[in-house]
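Presented below are the structures under discussion, each in the form of structure tokens.
Both of the next two complexes hold chain A, though its partner changes from chain B to chain C.
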Partner chain A sequence: MTSLHSSRQATPRSASPRWRQAMPVNPRSLALLVALLALILFNVAITPNFLEWQTLSVNVSQVSTIAIVAIGMTLVIATGGIDLSVGAVMALAGALAPLIFLSEFGQQAPLAMTLVAIVVALAVAVACGLFNGVLVSRFGVQPIIATLVLFISGRGLAQVLTNGNLQTFDNPAFEFLGAGRLLGLPFQGWLVVVIALVVAWVIARTRYGRYLLATGGNPQAARMAGVPVTRVKLAAYTSCALLAGLAGLITVAINSASDAAKNGNLMELDAIAAAVVGGALLKGGKAPIAGVILGAAIIQLVRYTLLANGVADEVALVVKAAIIVLAVYLQTPRGAH
Partner chain B sequence: MTTVSWRQRLADNGQATGVCVILLALVCLGLIRYDNFGSAYNLSSFLNYNAMFVLISLGMCLVIITGGIDLSVGTVAALSSVTAAYVSPYGLVPALLAGLATGLAAGLVNAVMITRLHIPPFIATLASLLAAKGTALIISGNQTVPVDWASGFTRLGMESIGGLLPWSFAITLVVGAGLWWLLEQRPIGRTMLAVGDNEEAAHLMGLPARKAKTLAYLISGGCAGLAGVFLASGFGAGQPLEGLGWELTAIAAVVVGGTLLTGGKGSLVATLIGALMLGLIFNLLNFENGLGTFNLSAYWQMVIRGAFLFVVIAIQVQITRTRNTG
Partner chain C sequence: MTALIDMRDIHKRFGGTVALDGASLTIAPGEVHALIGQNGAGKSTLIKVLTGVYTPTSGQILLDGEPVAFSGPRRAQQAGVATIYQELNLVPLRSVTENMMMGFEPLHWWGGIDWPQAHRRARTVFEELGLDIDVRRPLSEYSTAIQQLVAIGRAVSQQVRLVIMDEPTSSLDEREVQRLFEVIRLLKSQGTSVLFVSHFLEELYAVCDCATIMRNGATVEQRTLSETPRLELVASMLGRKTSDIQASGTTSFREMELDTDETLLEVESLATDKGLRGASLEVHQGEMVGLGGLLGAGRSELARALFGLDRSTRGSMRLAGQRYAPRHSRDAIAAGVALLSEDRKVEGIIPEMSVRENMTLPLLGTLSRRGVIQRRRERELAAHFIEALKIKTASMEQPIGQLSGGNQQKVLLARWLATQPRLLILDEPTRGVDIGAKREIQRIVQDYQAQGGAVLMISSEFEELAEGAQRVVIMHEGHSTRVLDNPGLSEDALVTAIATAQHDRADGAARDDERSPATATDHQETAP
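Right, the complex of A and B next:
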């Protein structure tokens, strides 16, 4: 526990351990960075038209939703939990927003109602997170089971709301979330950078960050040391759902259409994979945000590399599986019985 | 092996008894409210469709008892349905064995990753979920694989004994009885329970912990393989795109049956009943829609399933609390 309290006095020359954990200076993140660079070099040599703005744009756009959800997932995994409901929450938020700004009421004041739609969708996502968080932290339900409830019923609810229909729309203000550009790159890419920096800062520099890692490292010790474990977990699940809701809105904005059956489908697997490849431990106590972003980027780039070179998507699935196993194998301590 | 009185067993299996009562209540409701609910056709098609889910739930239950989890069962079943469909021209038995072997192979891969490479079960089986899905799509060329109808392969998934008990469900019951015997009566089954309770202690006591875990994943894979055979046989095609989310249905069935994810405890009988009950909710909703008083879309069924799981969790929380305070 001592390291939890001594970090503020850390000398500027040697960064605190928690900064190391969150920022790309530890060997693991370095290894991921090398892997990513190797992938990029490989693509420069092999893949046609790789060094084009368009390629970067497409990849950034696609990796953004995975990265956003993976950041939230990392917070939950840091507490020793897991959130299976992120994909369903994406579908729910993504179904709600168009429902609101496409309604008769929404057509009367398009801009204001678009804002309302985004706020309501995110609020519902937060409610989902509270539901998961209360079940896990207050009632001690196992995270897989607790989040299974919304995994099963959340997407169903989204489909009930939309009658299972595809909602298409033409709303430039909303579409900016997924199709807008800043300095030539997709808006959501910048969003990822901002979110990652904020979360990494929270983990490394705030009391909540210390509490989060302590809770995952050893919940009982944390509780005895006065960490409000219940609230810490609640906040983690709520943040995760909020980020998932945001990712759901972005996906809908990218497509200018909301399909409750497809939005965020299997996202929980991608997010968990990115987190684990990035160095998160399922037993908790670690939240390497930079690593997780790199993990998401590697998973996306591997998929792109295979697709751009004519390898079928199905093979990419198998390769993804191999990457996950390899990444976890490399971080498993040897000599366990 | 001490003898335990039935009364004591009943008290120990509070949730199993509760689940049984709810199942019976649902059946009674169905019989009273809907005309054809009790028909031989409904019974046999219900059992036939749910045989797959009961099978993977039983396998899942064993894995969970050892303190693990198997997320790969759904896509492994899909992969097995494809291999079984490809082998179906050679006859019923070869196709069945091909599907079973596929499932066992997947189970072996899981077991090696978990017991030899020490990869956490959640991650290892997540990877094999993806790999099995990818493999199923690759070998099927992304399309359903029609089975050979002439070889009699479809009899397994489409015919029943006396028009009542489908072959698929009869086989499932036999498998279930075998697993029950293994778990309750054989040393290796007791080791599974011990491993789930405290792996370190089991290992130190000299119990074959690794062997028990390997066997659990092999069985889960084998059950998924067999479920895949029923899938191909019952629907007349190998279905590479099926199986997503099955693992969670299976976990839900295990949980509804009162088995805790922490391992060391669990009931195959309650899991069987839990799986049937989840299926029955769908069946009842279909009949309710048929009455026409109100119409719930298919999407509502997922919402209700989730809500049902929530109720079960709430009851479990309540029971645990009363026990702890009382």
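Right, the complex of A and C next:
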């Protein structure tokens, strides 16, 4: 049943020839879909209680944050960059929101202040993205170094803000982000669907999408053709940080608690892995959103499969690494076409 | 005598596309052999089949009369077939010796590299090639020409019997080409065969013994060059009769009588800190102005400044009477200026994007409404230009990287024509494209001019300038030095003008500014 959820998102690229007439069926998305189906069948056969609504809910709820961050990461990777700061931005946004709605003002007008908390947290995330983007596009700092700044300091800042304490709260309106349900499925799952469809549409149909892929495909040629390369990159890093901030809020809402030390920890790796497995090229120029969602789903399901069958989390990490290696191998051009 | 290489009836299919359809190639020992044909004729594929990059679908390859099938370039190399590709496969930051010996280093008994011996061997090879360089320095410190000679040296050091050179001269200047030819003659005298691919006929006649002509994936014929008039060679390549070509004329940029006096572009004493020191010129509507000069004379630098890529530090530009000071290429495009850059791969194409997407990139602003691309209009535009410019592509959705060089260039030309520019700057527009495509590109530019468009053209082919341009501005060391008018413009006059520019410069660099009308105002401007 998990397949239903994922295959629906695959439609923009793999099933509808109108989106990409050059590739009626994208072989990569198809391969990913087959891999996902194989995983599901494998689980149906051996994992106890796999075919239950509960299992689907748990998986959707857990894959959502990875998927949301991975979509943003894909935009940055499409420009030929990388964003290591997404986990730290999650922690920062996740720490800020409870601080605001738990404050004295927050207690006086809970609903309004919850809204303010979300907006402020996301605005700070956007500011982080602008910081990354300006370093990369204006000052020409290597993306991996530029985003390392916030990777280190962002989480530190979040811990300073919360004095390193776990912030627990009881705020039903806010918790809807992580625990709410629509048509029986977690709210954040639907959020992923909406975000993926919007971003895929932007990439396929808008001027910005074309500029984004041109920038990653050959930055010098793009600039010569009048593409505003600086602004395109800035927008990619900003969108990535915004999505990371949103994922940070969701994680906090799921747990009804904010832990600045743990929120989004190692998320950058999961997001990059999902993007690479999904077919994003690290040299830029590709943004296969459907593939990336499938990639996130596969990574999540592999982890779930191992955990549900009593394999330790540490081993699951090794398997995850193996999947990434395989994906990179498939991506490497070999010999003649 | 047994041929060194004998390729017989080679066929190669990629899925449904036929790349080679009965190609053959026979090279005798010690022979310099030219492989010619239009872009897409199958030259590169044939070479890749020979060197084991591709496996032929059918056909036979004989080396010294024995059938061979190389499983890859390394195997071919071991058998004595080495390739110098268009893009050099060298490591810029490592030393000359390392680049030369990589994969074939002399080893100590314990497996370490014997550096003294490696350097010694490298030096010996270069001495033979008549090249005196420090083999311990990183390769990147040397010019493209020397890097190319290093690649050749690498091939030679491994006892090769055939060196394949794919467009070796495309990035060399005149003197470097001559040096390359000396090396080729040296190789020949040592009994090594050379397979030479080039679009420049002069070069073929200068250095090659015979030529294999390919068309549409098949070998048309093999000719001894000393017995073949140029026209016949071209006719054979294009698959036409010599009489047809004579009738249509080999001169393609025709002279045009224009009585328009409307000045479109005025440039005065323009300088940048990227090698442009003081250039002045005027371009009128419907006119083609050529820029002549040697490599490094500042022609491309002037183009970059006009297109807003390099900021001007001095001087002024006016476009249609308005002050014009572009700060980005976007400003230039908005003002109606287009630049077809010299370096198609680095500054032109986005290889994995489709022909359509490459073509419409600068036009997306007008092709979209509220940021959403109007796909029907986009497709119509792409279809129109593919037809009008006779671009050979499977469909508008084919990635541009898969097209031949000439067709890529046509797509880029379409990209700029689609913006309906007032001024089209062409930097070596026909370099590296075959004769057929070259002529079509010239015709397209002519049509654009006929509709009132102005062209500023940089070309290293004097013939192209002499025939097409109404005026040619000669540049030298970043200055515009003099203007030659057409009619009365001949290749000889151009060469003389460029040569004397050089001469004058050697006389006294200090007087340079006074001589050139371009820089007459320099003295006032540099005064403060």
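The definition used in the following text is that the second predicted complex is superposed on the first by the 310 of 337 C-alpha atoms of A that agree within 3 Å, B and C clash if a C-alpha of one lies under 4 Å from a C-alpha of the other, contacts with A are read in each partner's own complex, and residues count from 1 in each chain.
In this text, contacts are C-beta pairs under 8 Å (C-beta built on N, C-alpha and C of every residue); 3 or more make two chains touch, one makes a residue touch a chain.
From a predicted model like this one, the values you see are computed outputs, not experimental measurements.
Asks: In the superposed model built on chain A, check whether chain B and chain C fit or clash.
Replies: Once both complexes are aligned on chain A, chain B and chain C clash.
Asks: Just chain B (first), just chain C (second), both, or neither: which does A:A225 touch?
Replies: second
Asks: May I ask you to decide whether A:A312 touches chain B, chain C, both, or neither, giving the answer as first, second, both or neither?
Replies: first
Asks: With both complexes superposed on chain A, which partner does A:V160 reach: first (chain B), second (chain C), both or neither?
Replies: The answer is first: A:V160 touches chain B but not chain C.
Asks: Thinking of the overlay built on chain A, is A:L99 touched by chain B (first), by chain C (second), by both, or by neither?
Replies: A:L99 sits against neither chain B nor chain C.
Asks: After lining up the shared chain so the two structures overlap, which partner does A:R210 touch, if you call chain B first and chain C second: first, second, both or neither?
Replies: second
Asks: Looking at chain A, which partner touches more of its residues: chain C or chain B?
Replies: The larger set of chain A residues in touch belongs to B.
Asks: Is A:A235 in contact with chain B, with chain C, with both, or with neither (first, second, both, neither)?
Replies: Neither partner.
Asks: Once the shared chain is lined up, is A:I144 touching chain B (first), chain C (second), both, or neither of them?
Replies: first
Asks: Please identify the positions on chain A that touch both chain B and chain C, taking each partner from its own complex.
Replies: On chain A, the overlap between the chain B and chain C contacts is residues 336-337.
Asks: With touch defined as at the start, can you tell me which chain B residues reach chain A in the complex?
Replies: Touching chain A from chain B are residues 69, 113, 117-120, 122-124, 126-131, 133-135, 137-138, 142, 203, 244, 248, 251-252, 255, 260-262, 297-307, 309-310, 313, 316-317, 320.
Asks: Using the touch definition from the top, list the residues of chain A that touch chain C in their complex.
Replies: These residues of chain A touch chain C: 21-22, 205-208, 210-211, 213-214, 217-218, 220-228, 285-286, 335-337.
Asks: Please give the residue numbers of chain C that touch chain A in the complex, ascending.
Replies: 14, 48, 53-54, 307, 309, 328-330, 333, 339, 341, 346-354, 357, 361-362, 364-365, 368, 371-373, 375, 395, 397-399, 415
Asks: Mind listing the chain A positions that touch chain B in their complex?
Replies: Touch list, chain A to chain B: 82, 84, 135, 139-142, 144-146, 148-157, 159-160, 163-164, 266, 269, 272-273, 276, 282-283, 312-318, 320-322, 324-325, 328-329, 332, 336-337.
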